[in-house]
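Here it is, the structure, as structure tokens.
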Amino acid sequence: MDCFADVQSYSVETKRLHSATHDEILHGCTTDVYFVKTRDVLRSAGVLSSPVTAEIFARKNGIFAGLDEAMEILGGKGLEIDALREGDNFKPKEVLIRIAGPYEAFGMYETVLLGMIASASAWATAARACVDAADGKPVLCFGARHVHPAIAPVMERTAVKVGGCKGASCILGAKLAGMEPTGTVPHAAVLLVGDTVELARHYDAVMPLGDPRMVLVDTFKDEAEETLRVADALGEKLAGIRLDTPGERGGVSPDLVREIRFRLDLAGYDHVKIIASGGLYPERIRELSAAGADSFGVGSYISHANPIDMTMDIKEIKGVPIAKRGRLPGRIANPRLVRVK
Amino acid sequence: MDCFADVQSYSVETKRLHSATHDEILHGCTTDVYFVKTRDVLRSAGVLSSPVTAEIFARKNGIFAGLDEAMEILGGKGLEIDALREGDNFKPKEVLIRIAGPYEAFGMYETVLLGMIASASAWATAARACVDAADGKPVLCFGARHVHPAIAPVMERTAVKVGGCKGASCILGAKLAGMEPTGTVPHAAVLLVGDTVELARHYDAVMPLGDPRMVLVDTFKDEAEETLRVADALGEKLAGIRLDTPGERGGVSPDLVREIRFRLDLAGYDHVKIIASGGLYPERIRELSAAGADSFGVGSYISHANPIDMTMDIKEIKGVPIAKRGRLPGRIANPRLVRVK
Amino acid sequence: MDCFADVQSYSVETKRLHSATHDEILHGCTTDVYFVKTRDVLRSAGVLSSPVTAEIFARKNGIFAGLDEAMEILGGKGLEIDALREGDNFKPKEVLIRIAGPYEAFGMYETVLLGMIASASAWATAARACVDAADGKPVLCFGARHVHPAIAPVMERTAVKVGGCKGASCILGAKLAGMEPTGTVPHAAVLLVGDTVELARHYDAVMPLGDPRMVLVDTFKDEAEETLRVADALGEKLAGIRLDTPGERGGVSPDLVREIRFRLDLAGYDHVKIIASGGLYPERIRELSAAGADSFGVGSYISHANPIDMTMDIKEIKGVPIAKRGRLPGRIANPRLVRVK
Amino acid sequence: MDCFADVQSYSVETKRLHSATHDEILHGCTTDVYFVKTRDVLRSAGVLSSPVTAEIFARKNGIFAGLDEAMEILGGKGLEIDALREGDNFKPKEVLIRIAGPYEAFGMYETVLLGMIASASAWATAARACVDAADGKPVLCFGARHVHPAIAPVMERTAVKVGGCKGASCILGAKLAGMEPTGTVPHAAVLLVGDTVELARHYDAVMPLGDPRMVLVDTFKDEAEETLRVADALGEKLAGIRLDTPGERGGVSPDLVREIRFRLDLAGYDHVKIIASGGLYPERIRELSAAGADSFGVGSYISHANPIDMTMDIKEIKGVPIAKRGRLPGRIANPRLVRVK
Amino acid sequence: MDCFADVQSYSVETKRLHSATHDEILHGCTTDVYFVKTRDVLRSAGVLSSPVTAEIFARKNGIFAGLDEAMEILGGKGLEIDALREGDNFKPKEVLIRIAGPYEAFGMYETVLLGMIASASAWATAARACVDAADGKPVLCFGARHVHPAIAPVMERTAVKVGGCKGASCILGAKLAGMEPTGTVPHAAVLLVGDTVELARHYDAVMPLGDPRMVLVDTFKDEAEETLRVADALGEKLAGIRLDTPGERGGVSPDLVREIRFRLDLAGYDHVKIIASGGLYPERIRELSAAGADSFGVGSYISHANPIDMTMDIKEIKGVPIAKRGRLPGRIANPRLVRVK
Amino acid sequence: MDCFADVQSYSVETKRLHSATHDEILHGCTTDVYFVKTRDVLRSAGVLSSPVTAEIFARKNGIFAGLDEAMEILGGKGLEIDALREGDNFKPKEVLIRIAGPYEAFGMYETVLLGMIASASAWATAARACVDAADGKPVLCFGARHVHPAIAPVMERTAVKVGGCKGASCILGAKLAGMEPTGTVPHAAVLLVGDTVELARHYDAVMPLGDPRMVLVDTFKDEAEETLRVADALGEKLAGIRLDTPGERGGVSPDLVREIRFRLDLAGYDHVKIIASGGLYPERIRELSAAGADSFGVGSYISHANPIDMTMDIKEIKGVPIAKRGRLPGRIANPRLVRVK
């Protein structure tokens, strides 16, 4: 399979899902077709293998990510690559990646490269904002349900490894970040068992000893009441309760967190942690943290992060500075770039 | 490989890219780990195979999409599925998919299902808004470069097949939509050849006869000048010119389109179409269309579309209406649902 | 006691509360002292008993109220009084009351008269807005706790008799409006008894048969759970439940009302009414009514209503039109005025 | 008369005014009827005399007032009362009054207590803001005409004694604050006499020697002209002139004050003070003070002050911390509270 | 004197004022020097007398004016001129004047032509807006004091003749519009005479019989008082009073106009008109007219009108359509243009 | 010709343009007619030659200008004149000019004086703001085309001499400021020659040696391309290029300036300056300067400057302080005033 070699004969009939496989990505099937035409035209013009320098930049501030995957595309092709490191912050129009080498060795991957960097950098930037807001308390990435499953692990891996989250619930995402996935049980489980305390007892019975017992307390009863019921049932074994109150009941507010903390302490359960989740964003994390929340499950703020669009410009051809109208010809210096091996 | 069966033994060491493969998705590796725990707890409680009814809904208006892929997950498991049709519009809290059957047959796929529907519906909704704004003129989806390549084809397929776009440049996306990809050549090709007219001549020489000659005219020279140079060079063979003027030169404005149209007509080239691209959105499409643009290449408006978050609620267990706090117990009627076979 | 006769000798030493008694009001003790000086100066100038015409007006729209009390001041003094009727709406600068007679017979009561009309009209206007928003469903005035007890009955009497509320909880207020006070029991009672259902049973046991059983359901447990517990306990005898959810739990929202209604109906309790209270205002009443609420307890929107400031101008002296700078001399016609007997 | 003892037999037929008398207030006639029902229910449940702790708080910043009257209700019942001092500032949710003792000794007065504190604290807060803005120059409270006469003295007493005003025009209000009422004569007197200078002469002839001569100068003529006519007529005896220009003539502006001051000084009348009144509020007081005004008559800013709603929560029953949903159980420490004897 | 012929030798030493004389304007001394250079360059290039078509347009809506003066520049040179008529409204980018003929015959006057049209059209547009707002009542142009005296007559002539004003106070402006100037006497005269009534008597004695007696009534006393003093003094001979109240006294408000009208009518002076002036603008004119004002003196709204910038584009050279980048080549049709003889 | 002597006989029939000549201005023909009436009335009242003091002030901040012309009116009449110096900044209500002497010697010139000062001060203030923004780089005044030619030289002279501009293109304006006019050639010249480079060659051939070669580069081609073509053609002789890009092509943006500078430097043309023009205002000047622009041609920001309205008040008559209502009687001290000889 090589979409570059023969676009037309490539068939999608046997695909079950619509997302691209690794082979399809690596063989150019997700690239824009005009790069295929470009190859044919440049070959006709005799310039397909001209040595060029290209630079990638964004128009916003952000945290750089996606290089690992990008190097799967760029590596092993004899190109000279300089780039920021994953996790570095960047400014508008700063050069993020510089590629030097024959155009034909990488030109057709422009679509793929920009897409990888744009989305990963967006997730890293959003995750970092949450992590900064939590100021040392753990942030967990729970965003898989908002995005297509093909990229859920890319997002969660980036949020953890680059953004600084302390855990992820997507199995593959966590593993890519080098850890085991974390999470407890959802509302559905409570509903099926029919009572939160009963659910908590089954959970306690089934889970391995080292696994912390975290129980979701907003399914059937008021959170204050349910929290104490669960704490009474599990006692010292209860590690934490999770608040995920729906918007229809006012969501997870600072007042709610403060009250639950207060009631837990009053009843002698100061060892029980409070995990907050549900539509959190940096400012909200700050408020809930001040009210006593101990950790934060963040979903849509990270998974909805708008891609930080990337632009790749040809800046030199055969050593001569050039640029399209509107851009500065030649290499733009950036001493923070590091040669990628 | 079955992440459900044994989460811990699953290894990511041999993966080159971070995106999930079809097998990984179908075997639950991108699901949130708490559904695995849920399975163990429910089995312990003896309710894992209880018959339930679950409903999926959103909190916004939108265009429904993603069902095709979702059925790859849900199909063949003996479940009763009722759903809107791809392309149907929907309202906040309207039931979009109803699933009836044993919880264990689908519960663990909640993350995957919601992610598919949320992102596909967002792309369909954004594409439809552009198509409506173009009011019959063709809209092309050029958004692949803004998203991870694993989902670029899902997005472009959805934009075309559900949203109503008339073409897509991502090879795989177009094929999934049942057509050949469309597009011409990018700025990089013009830069490498060194002159737009020379590039146009090579392009004309190389491309198959039926392929419409569309030339990008904003790389080196003012668009008005370059347009006429290209038209003079290709004459009747020139199908259209593409305006993609960078923001540094004022972008593609109604004034620019109006002038190019005027100058083309004045020179006798009324057969040459104008394709506009670059940061287009519905209101801008309306303005450019009124100014004389003939078709529209849309990228970030579609690819940046925020996922329309989906919620799946258990609404019946063993035929008895139930719901978590904040939701209405039992099935919510929706006569627009259709049984999916 | 006559403050007019001898301001200086009047002593407040024996007063327990600070509010004015009826005698103090009727004898001028709450008037501004400059009217006392005015009397002395005018007597010296020989014009104290000049026949004058005075007119009272506001600068806003509103509903007219307070005339009943005002006539206690103006009646029996040989004055000619024309006025709107309590409950009439009025426009800015429209004449609301016209007084004709010797200045000394009423001049000193300007402070008192304007105060009565200003505050009563404000309450009537606010109450009417709520009643209009409820569109036929009953509105109850629960605002006594926001104002000084001396005027709580004036406010509630006005809200009912002029504004159109269907009940009031302040004992004296309801009686002045010609009805018995309404209300159930507050959170404090539930807290003391320790359980809402137990409280409901005591309430049912103690109250006279005709008294409708209305139970507050947000003290200890989630409203959905508590509502059904109470309904199960009292069955047919339960007339309604009251939702007064605190802001810390999201307040009384349309979503909450809709869900409680839905769950009551699902359980066969369609005869149970929903009374909503807590920070209601006209737009909120409309939303909650649409969501299924049956009646509305309104407090601060009525009791906080800003006084509609009134101005009293001398417009004729001895039959000659006159006015201070900025006002129109002479009587301003208003055919809606009615002679008050 | 005891509304608690027998609500139904209490009759309002002989009342002339609608405001509550002291007896009615002290005997519970202005309380909400549900506290009467509460008593009956709690007695039936056997918990009427349970020892409880209740706390009163607000949700805004403010200046605390109303305690004097509240103690008329609470005193002599064997309760333990801790409270801020009148005039103390307070923060949202800070405990303002803590009451400990048998519920039946004070529970029924919740409506009355909250109403007293809510309105008095609002007036004190507004008055203090004006006093602060005047920065040492005297502020006089002229707000009686905007509120019901029954509470006018409560308001003016609070504005002076707690808020820091230097005078009040309401006779009873001033006396409650321990001073004689202040004020001159209104527009009506000028109109009746027919000329400001003639009025000033009568005023000067009639008033006691020590009484400062203050003359209102905006009734018939331009303020600049009238000021000098009055100053020429009374000379050294003129203490001040009052500007109360109606909105129809531009109100009392900094420009007007500056000019009057300038013209007075130019004519050698630097001893004549300028009193400004008419819709003043703190920012306006600052501007007029900078322009040369010497004192300020404030009406509606104080009298319209929105009640600062108070909440009374049961926080302990028989020594055990408790609270309704949304509140923190048990006493909330506040070291600023002082035991009230 | 011919600035075109020899720029450098032209000397300004004998000029007393800085404004340009008619000769200087007609001989190019106020043109931009680059048109002189243009002439030299074009002569060198041999294209100075090429036949061209030029078009003048604006980018806003407006009322067209200035053609009369422009024709003094363009006339008699053998050019073909098509233009809108003075007083016609126009739209953005509509052709207002089309000039066809040898470039050297008019090119150097571009600065002068555009300046004349830009400022006159602005004044006409502003005056028309006031005239429309007055809806048939007369508007007088009093704006001379806001602009340099050299153009005061151009402005007032345009406001009257093109904009529709009914009078102007600038002597030369009125005469250019074909009428005698109108106006009464200013505050300075009242101050010098020392009393408005005395001034009115002198005015009445001195002025010709046919001249309407209009008296300014806000110099010393309140307008209401002064109006009646003047009316009593002049009786039937008084034609009107003018209100020009300074901002320091609230300006001329609808309330003031309404009161003056009311007091005049009450005293039997319904024949006395009210002329309002002082910072008027269309919306204010509407309000004052509704309040009873009879005519309006407008100054800064007309004289401050921002020039409606004009652009002159070469659109044909030797019959061939051409245009600079950003403009449409060739003549733009406008059927409303009329050939100017 | 003396409009004061005989208004009615003055005829405008022979005037070709509408602007006033110097003689007309100096003889009162542009004054408001009410000053003529004033003279007649004051003469009748015997106060025409009373000694008075008048003061001129504004209500805004600004830079003072116009005194030179004003002294042509006021000089030689035996008046005592104190004034700020041209170029001084001033504050609201600060005295700018004080005139002492017989009223008849200057009263009739009020309209003329205020008009001169109001417009000149506005231009000076606007020019100074641009000069300050350019922070040492030259600002040129190009505004003649936006105003009537009669005042174009007044404006440009003021912008240069008082405002600090370094050049002006209006021939007369520059000469009044004591310098030769500056400027190159307009778009029309480029259009007529047909190519910018050819135009540049003719320009170079024709112009005197000392004249700096500045070429406009946005007529036909993209600015980046045209700049380098011109630089290649003229080499060392090219002094600068002017950017005046039309709004239809995005105007002159910081991005454009930065790129042109970059491309010029890259090609070795660092001696070539960049002149920016087209709708510039202070903030834009700052941005373009930071991006590398070397000088700035400003038009409408200066020529559209709203007149800073001036007021002249009589403040003393025969040595006695006086003022109309709303103003402070007598001289207002201003130590910055200087006696004008």
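Before moving on, here are some points about what is shown:
Chains: A, B, C, D, E and F, in written order; residue numbering restarts at 1 for each.
Here, a contact is a pair of C-beta atoms (placed from the backbone, for glycine too) under 8 Å apart; a residue touches a chain by one contact, two chains touch by 3 or more.
Everything numeric in this text was worked out from a predicted model, so none of it was measured.
When the partners of chain D are compared with those of chain E, the chains appearing in both lists are C, F.
Mostly differing positions are employed by chain B and chain C in their mutual contact, as under half of the interface residue numbers are shared between these two copies.
Placing every chain at the mean of its C-alpha atoms, the farthest one from chain E is found to be A. Farthest chain from chain D, judged by C-alpha centroids: B.
More C-beta pairs in contact connect the chains of A-B than those of the other pair, out of B-F and A-B.
Taking the mean of the C-alpha atoms as each chain's centre, chain C and chain F sit 65 Å apart.
The mean-CA centres of chain B and chain E are about 59 angstrom from one another, to the nearest whole unit.
The distance from the centre of chain A to the centre of chain C, with each centre set as the mean of the Cα atoms, comes to 57 Å. Counting partner chains per residue, chain E has residues 220-222, 225, 247-249, 255, 259, 325-327 touching two or more of them. The touch graph of these protein chains has some other shape, matching none of line, ring, star or complete.
The full set of touching chain pairs reads A-B, A-C, A-D, A-F, B-C, B-E, B-F, C-D, C-E, D-E, D-F, E-F.
Those residues of chain D lying in contact with chain E across their complex are 220-222, 225, 247-251, 253, 255-256, 259.
By the touch criterion stated above, chain E contacts chain F in their complex at residues 3, 7-8, 10-12, 15-22, 24-26, 28-38, 40-42, 44-45, 47, 50, 52, 54, 68-69, 72, 103, 107, 110-112, 114-116, 118-120, 142, 144-154, 157, 169-176, 180-194, 198-199, 202-203, 205-207, 218-221, 245-249, 300, 303-304, 306-307, 309-310, 312, 314, 317, 322-327.
Contacts from chain B toward chain E in the complex involve residues 222, 224-225, 255, 258-259, 262-263, 266. Interface residues of chain B facing chain C in the complex, by the touch rule stated above, are 321, 325-330.
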